[in-house]
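Common to both upcoming complexes is subunit A, partnered first by subunit B, then by subunit C.
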Partner chain A sequence: MTIVSAISLDLLLPRKLKYIVALVSILGSLIAFVPIIFQYANYSSPEILFEGSYVIDKFSLILKGLFILVTYLTFLLSVNFVESDEYYQGEYYFLLLSSLLGALVVTSSRDLLTMFIGIELASTPMFLLSGWKKGDQKSNEGSIKFFLLGVLSASLILYGFSLLYGVTGKLVFSDIANTLIQSDLNQSPVTLLSAILILAGIGFKISIVPFHSWAPDTYEGAPLPVTAYLSVSSKATGFVALIILISKVFYASGQGLGIILVFISGITMFVGNLSALQQTNPVRLLAYSSIAQAGFILAPMAVAGITGNYEDGVYASVTYLIIYAFMNVGAFLVINLLQRNIQSDDMYDWGGLAREMPLAGIFAVIFFFSLAGIPPLGGWFAKFVVFRSLLSTGEIFGVSLGIVGAINAVIALVYYSRVSKIIWMDSPSENVKSNKDTLIPSPLRVVGFVSLILTIVSGIFPGIFSNLGEASSIFFNS
Partner chain B sequence: MSIQPILIAAAALFSIGIYGILVRRNAVMVLLSIELILNSVNINFVAFNAMLSDVFLNGQIFSIFIITIAAAEVGIGLAIVLMLFRNRETANINEFDLMKW
Partner chain C sequence: MSSFSFLDSGLGLTIVVFLPLISAIFIFLIPKKQEMLIKLITLGSAIITFLVSLVVALQFDFNDAAELQLGTKVSWISSINSNYEIGIDGISLPLLLLSTFISVLAIIYSFEHLPEPKNAKGMMSLILILETGMNGTFVALDLILFFVFFELVLLPMYFMIGIWGDKTVRSVSGLKNDIETRLYASIKFFVFTLFGSAFMLLGFLGLYFRGNKTFSIPELIELGTNGAFTGTFATLVFAVLFLGFAVKVPMWPLHTWLPDAHTAAPTVGSVLLAAILLKLGSYGFVRIALPILPEQAVAWAPAIAILSAIGIIYGSLACLAQTDLKRLIAFSSVGHMGFVMLGISSLTSIGINAAMIGMVAHGIITGLLFFVSGSMAHTYHTRDMGRLGGNMKLLPKTGAILAFTAMASLGLPGLAGFWGEFMALLGAYNPLPGLNVTIFRSSMVAGAIGTVLTAGYLLWMLQRVNLGEPKEEWIDQELHDADNYELVAWIPLVILTVLIGVFPKLIFGATNDAVIALVAKAFGG
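== the complex of A and B ==
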């Protein structure tokens, strides 16, 4: 609860002064991180509030820490961006903070109402933020696409929730699961229908394949820091909701759902990677790559639905989510840095940029190779955990999904390494002028080094992150 | 009173809403279709609440929350449509095709 109150205090302050706002938000998100560490260090047993609808346990604490840290990095990414144009600043930070609050609520929510409000609070400010560049038609267009599909997805989730409530008469997840088991409704068509509706709704948020079409457009239109936030925190919110729902409500009826998820996850990887191969716009490339990564994060949960071994699935998904978050923020930082120098939507114009900006070039190599999963960077450990959880089951679905994942890891390496190749080896393009803006502002420098350290440390000492993942999965035994 | 007719009405409203989203070309009409879906959910919740004679009134509370959030969402939606209309002088979602693939 301390976390929530710290954030709400933070929410009240930002409306007052223009320039203090940024400072207050950045410090506030850093301060909010402190109670989380203390709560985690002094953790003894889950703290249950409001008759089981709001629970603070290790799972939620770890993810709260992740969300706060990612928002902190997004703030640092934003400072130079927001100052560079004349739009009013205060609401930018306010909207990002309310989105963060929504994400924090989702991690602790253990009933339908709390979870729905958390999801809405997390996604509604993003509709506005993605249309932040009011005069830019691409930004407008991305925003309306995101809004229409986002609201549609919310209503699909709601229809699923209403069926679940109608079948069981309960709102708290554990009660729903118990009632489903007692009245033997786990395999009934109503339960499956509601599960599919909820999956479709959350599928929009995490951009898995039949529901991914908004993502590249919105990512391209939105301001770059917002895109980074969308592809990391917004997506993670959807995943957290999905993980909680699958392992708390649908765990006994996971079989059918698991098979659906396995297919979705495989198709998501292929569509994301094959579309990313032909992109020339770096932001769209990262958008498709993050769709493909969503397939990887989903895979362990899908297989866990079939085998029933949720502990392992949650562990792999959460570990992947944490590492993915930092390397993706880093990748967006690289694009941000390079676009400050050469304002072009075509990455082939970036030839030889690394010689002008060696630090950005090094960042580019590290983050993109980490996304591709090259050891000793963090990405390899994330992929290793996912493949282990897929293959160790011995299930036919798990093994075939593992093979699909391996093929896709190779496809992904092509376009990730192409970016580094252009930056380091190609000769400078002649049709664009460089701004000679090679200086890296200090907030961006901080973002770069924080993500860099986290990415490398998680690759060399994976024990740290696997502890976090294990701690978060233990809770699901109950 | 049996609950089937109410549920069928709600499901019909839901389907009409989905149909409207897919077919309508005006962004404001799409927003209205989304409202239809949200209201079908409300009907569902209230009907289930009555059927189960839930003493905690969970379903009714839920539908009040949905009404509130729907209002906030439509506010944001209209703001975005207004912004689009200023820049493009159209609210036809077929013409928003700057970005493909």
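== the complex of A and C ==
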């Protein structure tokens, strides 16, 4: 029964689009949440489908829940946005749902083909969506960049996958890993090469340095809800794929990959944060911030590659991913709200805006300081589990990365506090036209409060993530 | 106190910690226009919090002050074995009472004295959130819980300084454009403190992994005093804890955020910052760093003593150079907290007792000084001591209290400030056996010189501000002397200053046993 509901969940979603109404998509994504909860409640052991290609375990259920919820929030963010500019509504929702389907597939995929299809299904619609503002040059530019690099990244992933297949002749991850170990190819250059190719390919999706350059332009050009989705859901899809690959295929490939990842993670934090410091465009600021955050999410997996403690690494990365998702959606919501009132690319034009829009002001404080990791907001626990997993063995790479992380947390505070500073403390700019649009439409209100509650609750009662620890241990041992 | 026995097992302390936060959330929901209602709810919840903390103090068994009491331990984050573990002993009790008490006074003062932009709703809820953070830090017995409360004070204080702070534009070396004092000071305060505490968190994690995966402070103390943490590891952990706490105290040379923050903050912000927030750092040393890493405490003690001595001298000299009244008091804090840290660094029961009473006394006296100076800055619209003068004639009540507080601050025997300074010097004269006596005695001499300098700058300040004839610019102006709200907020502090000065046992009665037990356990002294 549970199997059927999971599959029907995956298959049903796009079909709902025949009605091409925003409402249906929104309700559909909410309804899709129901079987997930039922399955989670009735969970006994992992369901293995298609000879091990598709596995439904707690880990994948939690992530499916996350993706569906984020997509739901994105829909709500989109309602006013899409309507106001007369975009093509039906296609817009259809593409987002297709991307969601891809993400859902990725969470359960346990073979090369399924995963590749999942990744591409998740990212291809985004090429179109990021160029949705047709008349806007920036949007076109960002979309083209995204498309070209996206195709390149797909081919890199495919190349890496084909190397793996060529060496082992297997498709399913567990078979590949076993064959690699049996034929003693774990540390061979071919395996490492394929790992690096795959890392580079997925690196584009999760925008880690040096594969990050597309992100700020694309984020800036895309419609704001799409940007939110890109920075949360697309990035999470890439991370999930990477986590599965590292812990299911490359777990015995030695420390080389781990060391590479440690350096990438540290550099990503620095590049993201130092670039974000100089931004005056709020969307670009969040783009660079999300690059820096990717460094944090990657860090536990990187160190796990060295210490072999994957269970802890998966737990930390996924916890971070989940908390990050909601606070980042919240941060985009804030920008959306403020831009509705004062349409501007320069956030310094928003001086003193919180006095007109106190609720948006409070949202800004909560979400941006949560991103900065200030207790008792959710972000602190995300940072904490990452630090915890980095220091868990006292191994030198882990400790060094922990110190790098601590320094970056301080740098990040400077720019995360800036938005709150501007809207609460600065005086209004004189030469700015205000739309006097301080009313918050109810869909956006829902997004705000859902994210707000999740952000605060996860900060004050982080105990709710203890299930995740169990989930990651099931994930790892199945 | 059997009638309040339901407040045992942690309920009383939990109320003290969370009632302010809950009231703050409640206040968010009240429309801004109901200003009086907001103020009354805030005051009511602060008073109830204070009364509950008094009841807790009455229930506290002073014969057993070395033991942690009235606490509880409930699972909080099971996946990392972090618990909601709280409790108080003789060391935390006086600070907890100080915190709940000063919060009430701060709220009373804010009834009528909100700087632009008024917004009582914002200010009141920030004060309440701040109070939760402060009270929580003093009762937390779990490192992660401690960390969360320790950081919880940052956001409210950041906004207090940033929104209600001083709007004067100043130039800052290193910045291209001029910037308003409040904006510069608020982010500087935030970044400095976060810098320290980010590393402190790494240190906590280190202790967790080496210490049987527990964050419980009593358990870690047990482990630490039995020598579980040694070698390079312990050195590194102490270094990061030192960083985290020393920024907050603040110790020289990490103090530079303090004068800016104090000068820029609104009166209430300065008061809370000086009276309570600084104590979080020195309390952290006594509660966490010393007993968990005793070996390292001994190794670092001379360095801490030297830094404290430098802090005392530097703070006093800097005071002599100030023309800004609030900045002078801010620098005097650097000096006074130097005495507190000097006391702690001696690692003797006398020294640490001195630190405890020093903390309370500094909280009361400097809190009062900031109240008075803030009020004067509001009345005169300037803090420039060159323009002030003859305050005694213009504002007799304010002037009298300023004079009294300055006397208390310079350590006049019979008033609260005396004990902390005097006993810290005693402690430094005779530090824990095994510590380098030369260094400590030199620090003591430096401290003694510091007391003279302190007397010097405070008396000079009085002479410039209070005495003499009023300047011409003030003569024909209508200047308002202290009103009732101000007097209600100030008089209790005056009384406390005298009481503690005459009966230091009020503090020592609580702290002494706990401190002796701590020293015996950690340093065998």
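Just so it is clear, the second predicted complex is superposed on the first by the 451 of 478 C-alpha atoms of A that agree within 3 Å, B and C clash if a C-alpha of one lies under 4 Å from a C-alpha of the other, contacts with A are read in each partner's own complex, and residues count from 1 in each chain.
We adopt the following convention: a residue touches a chain if its C-beta (ideal position, glycine included) is under 8 Å from a C-beta of that chain, and two chains touch if they have at least 3 such contacts.
Because the structure is a prediction, the values reported are computed rather than measured.
Enquirer: Counting only touches as set out at the top, which of subunit B and subunit C does A:43 meet: first, second, both, neither?
Expert: Neither partner.
Enquirer: Identify the partner contact of A:421: answer first if only subunit B is touched, second if only subunit C is, both if each is, neither if none is.
Expert: After superposing on A, A:421 lies in contact with subunit C but is clear of subunit B.
Enquirer: Touching A:270, do we find subunit B (first), subunit C (second), both, or neither?
Expert: It touches nothing on subunit B or subunit C.
Enquirer: Quick one: classify A:159 as touching subunit B (first), subunit C (second), both or neither.
Expert: Touch status of A:159: first partner only.
Enquirer: Taking the superposition as given, does A:380 touch the first partner, subunit B, the second, subunit C, both, or neither?
Expert: Only subunit C; A:380 stays clear of subunit B.
Enquirer: Scan A:33 for contacts with subunit B and subunit C and give back first, second, both or neither.
Expert: A:33: touches no partner chain.
Enquirer: What is the shared patch of subunit A, the residues that subunit B and subunit C both contact?
Expert: No residue of subunit A touches both subunit B and subunit C.
Enquirer: For the complex, which residues does subunit B have touching subunit A?
Expert: Interface residues on subunit B, with respect to subunit A: 7, 14, 17, 21, 27, 30, 34, 37-38, 40-41, 44-45, 47-48, 51-52, 54, 58-59, 61-62, 65-66, 69, 72-73, 76-77, 79-81, 83-84, 87-88, 93, 96, 98-99, 101.
Enquirer: Provide the residue numbers of subunit C that touch subunit A in the complex, in ascending order.
Expert: 28, 32, 75-80, 117, 144, 147-148, 151-152, 154-155, 158-159, 162-163, 182-183, 186-187, 190-191, 194-195, 198-199, 201-202, 205-206, 208-210, 233
Enquirer: Spell out the part of subunit A that touches subunit B in their complex, as residue ranges.
Expert: Per the stated touch rule, the residues are 112-113, 116-117, 120, 124, 127-128, 131, 134-135, 137-138, 140-145, 147-148, 151-152, 154-156, 158-159, 161-163, 165-166, 169-171, 216-217, 220-221, 275, 278.
Enquirer: Show me the residue ranges of subunit A that touch subunit C in the complex, using the header's touch definition.
Expert: Touching subunit C: residues 315, 355, 358, 362, 365, 369, 374-376, 380-381, 384-385, 387-388, 391-392, 394, 402-403, 406-407, 409-410, 413-414, 417, 420-421, 424-426, 461-463, 465-466, 468-469 of subunit A.
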